[in-house]
Amino acid sequence: MEFSIYDFSSFTAWIDSSLRASMSPGWAVAVEMILIGIAILIFYAIVGLFLVYAERKVCALMQNRLGPNRVGPGGVFQTIADLVKLLFVELVPIKNADRVLFNLAPFIVIVASFMAIGAIPFAKGLQAIDLNIGVFYLMAISSMGVIGVLLAGWASNNKYSLIGAMRSGAQIVSYELSVGLALVTMVVLAGTMQLSEIIEGQRWGWFIFKGHIPAVIAFVIYIIAGTAETNRGPFDLAEAESELTAGYHTEYSGIKFAFFFLAEYMNMFIVAAIAATVFFGGWMPFHVYGWDGFNAVMDFIPPFVWFLAKTFGVVFLMMWLKWTFPRLRIDQLLTLEWKYLLPINIFNLLLMAFLVLTGLHW
Amino acid sequence: MEEEVKAPVPEQEEYVINMGPQHPSTHGVLRLVVSLRGEIVRNVEPHIGYIHRGIEKMCESIAYPQIIHLTDRMDYLSAHINNEAVCLTVEKALGIEVSDRVKVIRTILSELTRIQSHQLFWATFGMDLGGLTCFFYGLRDREMVLDIFEETCGGRMIVSYNCPGGLMNDIHPNFQKRTKEFIKYFRETLPEYDRLLTGNVIFQERLKNIGTVTREQAIAWGLTGPVGRASGFSCDVRKHNPYSAYDRVTFNEILYNEGDSFHRYKVRMDEMWESMNIIEQLIDNIPEGSYAEKMKPVIKLPEGEYFQSVETARGELGVYIVSDGNKNPYRVKFRSPNFVHLAPLNLMSKGAKIADLVAINGSLDLIIPDIDR
Amino acid sequence: MENSQLAALAATIAPDAQVVQGKQFVEITLSPSDLFAVAEKLKSNSETALDMLVSVTGMDYGTELGTVYHLRSTIHKHMIVLKTRVTDRENPEIDSLCALWPAADFHEREAYDLLGIRFRNHPDLRRLFLDSTWGYPLRKDYKDDVNILAR
Amino acid sequence: MNSFTGYFRGIFNGLRSLLQGLGVTGKYFFKPGTTVTQQYPDNRKDLKMFDMFKGEVIMPHNDKNEHKCTGCGICEINCPNGSIEIISATIVNEDGRKQRIIDKHIYHLGMCTFCGLCIKACPSKAIEFGQEFEHAVFDRRKLTKVLNQPGSKIMKGVE
């Protein structure tokens, strides 16, 4: 077996074959699943904690502050300290709450984001499952989280929470449409829904360059709708700190709150990862056709670095949006979706189809 | 005790939520009982008194110079102007004319107070609407004004700098330099506020035609200050009834006719420019003179009634002192602007959404200790 | 309009009342039964045109309770002070001016809360700051149990 | 047609205003050195309050442990909330006259509102504002202070 940070497919194939050699195929699959689960769990925790830290630092710098700076150098261990604190915080039992649903809600939220990570290609061959309907799967899974939000709002027996949950429901139902259409626009360009093939199709130019204006429009719409789907500012109506105190997770404390909190950041990561994959070529390095030397230099940077750099670039964009804009009102939110994003999106889809049909893209 | 009249029972199908007394956007311990139908606000009923300290009652047992430190704690963002109101009333009752120096210093400090109050308004208003970054920019710039206060008055927010007959002490030698530095800095920074928030399409859409008050309503409800002026009600006490040094400066009274939340915001933003103009006219020519008139150790007001109103950052503060000739006032009444502005909240927010209620509440810029006193 | 002219005008509007030209404003002292009618005339008369109610102050004069209304005309920029007194300390009743100036709503509730003056025809006369376990603190005979300020 | 162009103008103006806002926050993010945070407990050494800062009422003593307080009680009368209590004693001084002196000048920091009336009223300028601002204590009784140091005497020449 040869291990390379540029191509993980031989490495994963080696694990598979050595497992299959020592046990029955059923067991091998089970062991592989457990391994992947553990790997994703660790990744989830690290990225979640890092994103919380990054957000706090980014917003602090934008606001002329220092941000966390006491725990560890530059405060890097602040979020770990927070997590430890959250683990020790009392889980406050809520009077007259629907116990089962109340406890179930954070798990639904976190499981939904967990499942989405499985389909994201981190590097060549580093993808838990390469579905042939990858984009479709991601869209379906990432919208499951709203069930958890709705349940949390309903089961909390809190009036603010219920309003927050209802807002979240209305919001996700509408913005799911925009996310979908923006991605469909890109699927039209790519000609496939399989994520590995979408990335392979961007070897000589990322789709945001290949697709010309429609791709840029689709990207803008995707970022807006994706921010809305993760319930982040300026679309954080479900939380709406100044209106509903904390919205759907008002009554949650301790580790259950941490689940919601972590899921929010992971959803942001997933939205950014999809954007990076579909618009910026995922782990594919930046290539220019004909410039072989340049391409070789670009190829020298490992693919997962490319992927993470692109993803965190999009994450930064989302943070930037959050810390600049005031929150929308619920009717403006729906106006923005149905009056602006949706018609533009449909027109954009037609434009892209026309572009692809006439072969005006590269 | 006679029987209480009960609060109106909400209609059926109304979803009643308690906003406050602990709520991020009620700016203190204001409790709003909000009846909702879905997101639509049907009725808002303010419940106040959570920090009622009985300042009017306390005033009846203390001497006139001692009243001043209580007024700091009413509208704590206009502390200096509140102090000035009491001092002006007492001086008027005693027939004392303070020196020009005192007048000019009082005016400059009042305008600085107004600026820092509007800065905090801008900061918290942005936060009410979900734009958290405004909060830090607003407080960052407010810090400079507070430093000026601290250097000259000794206190940052609770200044207690006025006393009947003048000021507690003379201004600090750095006062003029620091104030000019601040004005120079803030003239450059204020357009940034506009770029970040005023021009923002989300912000404008959220505020325009929200919580509209007509001019007639504003007069009938007694709305003054930026709230009244946004409705086209010319009510600037500085203009109509000048006190201190306001008769020797030129400034515009900011008036808008729309009367919605956005223009209430706009009045405050424009007032910051006007305040800077006023300060610039005065800062370089503070006349020489004594900073305080010689007062008797025990101040006794002649029997009678005295009323003086000043323009605080929020509106007209009226001080009504009834004296029976003793060293303590017989009755003190503060006509506080916030108390008046809270009353029509229901009128403004009926039919609006929850988010609008927060915006309207923010645009009134209520200071709860001033309501409760 | 000068205060002297205003006082003369006020005397014609409220013939039964006692009109004094005070140090600052024209002061009209009148009986509670005349209050509403006079206030209405002062508001509707185009020369007085008192369209803004600045403040309502509840007063305890020792044996009597009373209210003081500071009224302003936004057109003529003058102010008139209305005063009224009731002798009944147990059940003082004064007409509410809410119908003329909505601003009176909170001011009158405050006066009711702190002095126990009941306002007739007030739409929603409830205590404003305090709960029903309190007496009426601004009355001079109110006993303050905490009494921090006593010397 | 008008509403059609208005629709697009609305979108572009909206986007432009949003970009302006992003410009402001972006400027501060990428411009180093705009941070205004003071790292408080770390900068204790060079943290200096302004001369006028009203931290607490103190009674300055000279190196001979003398102060200027005559125990007249004017500060006590002037204090609006009873933060100052004067306990005076009567001694016979060198000339054989009876003299009222201060025994204890008790200052309740917890009740003080820093209005400055006591300092303004003091006829012998015996008390002034100190610049200490870290007043937090675990026991509120510690907030009651005796301003004159034990064994201190009144300065010569102060009446």
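Chains: A, B, C and D, in written order; residue numbering restarts at 1 for each.
Please note the rule applied: a residue touches a chain if its C-beta (ideal position, glycine included) is under 8 Å from a C-beta of that chain, and two chains touch if they have at least 3 such contacts.
Values in this document were obtained by computation on a predicted structure and should not be read as measured data.
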Chain of greatest Cα-centre distance to chain C: A
Chain whose averaged C-alpha position falls nearest the assembly-wide average: B
Chain B and chain D: spacing of chain centres that average the CA atoms, whole Å: 24
Gap in Å, rounded to a whole number, between the CA centres of chain C and chain A: 64
Whole-Å separation of chain centres (CA-atom averages), chain A against chain D: 51
Multi-partner residues of chain B (at least 2 other chains): 62, 133, 140, 196-197, 200, 202
Shared-contact residues (touching 2 or more other chains) in chain D: 18, 21, 24-25, 36
Contacts with 2+ other chains: residues of chain A: 62-65, 323-325
Chain C-touching residues of chain B, taken from the complex the two chains share: 1, 4-8, 48-49, 52, 54, 56-58, 61-62, 219-222, 233-235, 240, 304-307, 309, 316, 318, 320, 322, 331, 333, 335, 339-340, 342-344, 372
Complex contacts: residues of chain A adjacent to chain B: 59, 62-65, 159-160, 163, 167, 233-234, 236-237, 240-245, 323-332
Chain D-touching residues of chain B, taken from the complex the two chains share: 62-63, 65-66, 68-70, 72-73, 133, 140, 143, 147, 150-155, 158, 160, 163, 168-169, 172, 192, 195-197, 199-202, 204, 297
Chain B residues touching chain A - in the complex, by the definition given at the top: 15, 17, 23-25, 36, 39, 126-133, 135-137, 140, 196-197, 200, 202-203, 205-206, 353-356, 358
Chain A-facing residues of chain D, complex: 11, 18, 21-22, 24-26, 28-29, 34-37, 39
